[in-house]
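Working notes for the structure below.
Just so it is clear, A, B and C label the chains in written order, and each chain counts residues from 1 on its own.
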Amino acid sequence: MAAVIEVRGLHKTSSGRAVLDIALLHLRAGESYVLSGDNGAGKSTLLRVLAGLEPATVHSYRFRGDELDPARLPSRVRRQIGYVHQHPYMFNASVQANVEYGLRVRGIASGERKARVREALAWAGVQDLAAMPAPQLSGGEQQRVALARLKALSPCVYLLDEPTANLDADGRRRVIELLGRLAGADNVVVIACHDQEVINLPGLVRLHLSEGRLDAAPRNAIAPLRETRIGG
Amino acid sequence: MELWDTTRQALVLLGTGDPELWQIVGVSLRVSLSALLLITAPAIAAGFVLAHVAFPGRRALVVLVQGLLSLPTVVVGLVLYMLLSRQGPLGDWHLLFTQKAMILGQMMLALPVLTAYTVTAVQGADARVFETAVSLGAGGFRAALSTLWEVRFGVMAAVFTGFGRIISEIGCSLMVGGNIAGLTRNMPTAIALETSKGQFAQGVALGIVLLILALGVNVALAALQGQGGMRKAWQP
Amino acid sequence: MFSHATKGVKSGAVGLLLAIAAGLGAAPAPAEPDLRLATTTSTDNSGLLGVLLPKFEAKSGIKVRVIAVGTGKALKLGENGDVDVVLVHSRPDEDRFVAAGFGVNRRDVMYNDFVIVGPAADPAGIRGMQDALGAFRRIAQTGAAFVSRGDDSGTHKLELACWRALGIRPETNPGYRSAGRGMGEVLLMAAELNAYTLTDRATQRALAKKTGLTILVGGDPRLFNPYGIIAVNPQRHADVNFRGAMALVDWITSPEGQQAIADFKVDGEQLFFPDAQK
């Protein structure tokens, strides 16, 4: 399967200390990845770099084969990459308006917008909350609304930072259930997580970060540099 | 009983719709609202950039803008007078002693107020707002608007505070407007003039209008702050 | 009526207190209270008071505090008892002030004269006219720009009297600007707007270099401007320094005070002409 995102030679330092030092990362369509590691291992930073929210030096960054600067991704690419904070931010508006935001930004007509919002809310099981002010929801509900907010846009890449952290048992169970249904044939899901239940979900490619380095390469997520050179 | 008599005459003036009085109120509102209308967008944009974009010298610039909050109105008046005077570099514009000159001066006075308050409002915004907007596909401009919308109470407070500053300022209006009857005479300069003439009634009447406006602005501000407080309480 | 009676009683009581204080005068005499003088900007800005008052203070031992405002405000201050004596220049208002019982012992002091100034190019063509009213008429007829003090000052009232004598409503001239400001500001504004204005000679002299405005019409007796001094009525305001006020009135109309006015010159030119004897 083709790599959606391929990054080579990714480095990031903060106050002189290497935060990320990754030789090669392949994210393939149809795969879901779980990115584990201790606190401070660089999980969040890696997701943010991939989302274009934080700068880093890279040797090369390819999106579906196009060589791009991750700090200046063109709008059409950026709109393919969705990112959710560990504590997702809810705009001070209704759940409906929150989910509608990205569709509005894309200039999608009202009728289609409403239909896609309805669909996404139903997918996340939050259709009953549509009229609620989003900031008033519980943490688990907010996480599910945030997932619906992305799902409505059908992006190619989902980057989720600790989606189950700090949730009560019921919220956590519902979010994990959604994570299992997020992956599709054409998209990539990357979940930064140290929740064992998520890590052990079936069918996930497991990546492990420690001190900024990817040190496990199951199922060829991290190919040796040499080998990919031949392949590329 | 001078005070009582004067106040009574003032109320009569207000009640009978004295045309000269309302003409002066009209000049005040036209000048201040025009200045506000013209400066609000650039001032808020500047405030957003100062609060959001890291660039060398940003801190110094923020300190400068906050310092300019207490910019004396007469200093703005003096600088503008020298610029617009016939001997000044902009003398050819023939703007001195016109409403346009007053509008320019009030724009200069409102700019640091609006900018500094916008900086505070945007700095108070959650850092995730802009990132969330961007990761949902918004461009930089749209994400900036969304961030400003999230802190709209603070931004509106900035606009109200700016209006409060310029509607009641006298130094700059007097110097570059010239207090010409029917043309550049606004409420503050008219009050000063009526007092210097010993004609207190019209001064008091205008003072009442100005006071009501200032109070209205402050009530609106307090209402906004109440709203802002509610917004905070919503957050889990 | 009743309030007048109370005031009479009050001032009587104050008089009694003063008498007691005088009786206790063996103790070190309290310093003379300051005298508050409300006057017009023209006398203060020209430097006349700076010459006159030290002479008076040296002679009488009374310190004078000067409040320089327009004639209208000066009289209002007197009316409210906020000052002890007024030195102003608007005869009809002065007479009204005295008639209403706000002031007593009005005396002529001096006069100065007013001139019509304007841009050197003189678009209305009034240069050298002897007749001030004729010049005013020509300004109005040609629609030339004219800046009025517009502040109820003596100068403003003199200007309005001229328009009235001509039967012209000045606001109908599109170039007419009522500024509501002091003489200096109005001269600067006239220079900026290429306009004419009516000014006292002293202020024109002080600002001529800066404004570039020139005297076009002067010397018409209609533009003579008499100053009067009036003590604030102690029957109205018991706490005014009436003794100090009368000391100033007497001194400024005495041969010594009158001579000091005649001797006051700016750049060798006499600006005020004593006329207390008239």
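Methods note: a contact is a pair of C-beta atoms (placed from the backbone, for glycine too) under 8 Å apart; a residue touches a chain by one contact, two chains touch by 3 or more.
Since we're looking at a predicted model, the values are computed, not measured.
Chain contacts in this assembly form an open path, with each chain touching only its neighbours along a single line.
Centroid distances from chain B, each centroid being the mean of CA atoms, peak for A. Centrality by Cα centroid goes to chain B.
The mean-CA centres of chain A and chain B are about 45 angstrom from one another, to the nearest whole unit. Annotation: 83 Å between the Cα-based centres of chain A and chain C.
For this pair, chain B with chain C, the centres built from the Cα atoms lie 38 Å apart.
Residues of chain B that touch chain C in their complex: 2, 85-86, 96-97, 174, 178-183, 185, 189-190, 193, 195-199. Remark: chain C residues 69-70, 72-73, 75-77, 79-80, 150-152, 177-181, 185, 189, 191-193 touch chain B in the complex.
Partner chain A is touched in their complex by these residues of chain B: 126, 128-129, 131-139, 142, 146, 150, 231, 234-236. Touching chain B in their complex are the following residues of chain A: 51-53, 75, 78-79, 81-85, 87-89, 91-92, 101-102, 105-106, 133, 135-139, 142, 149-150, 153.
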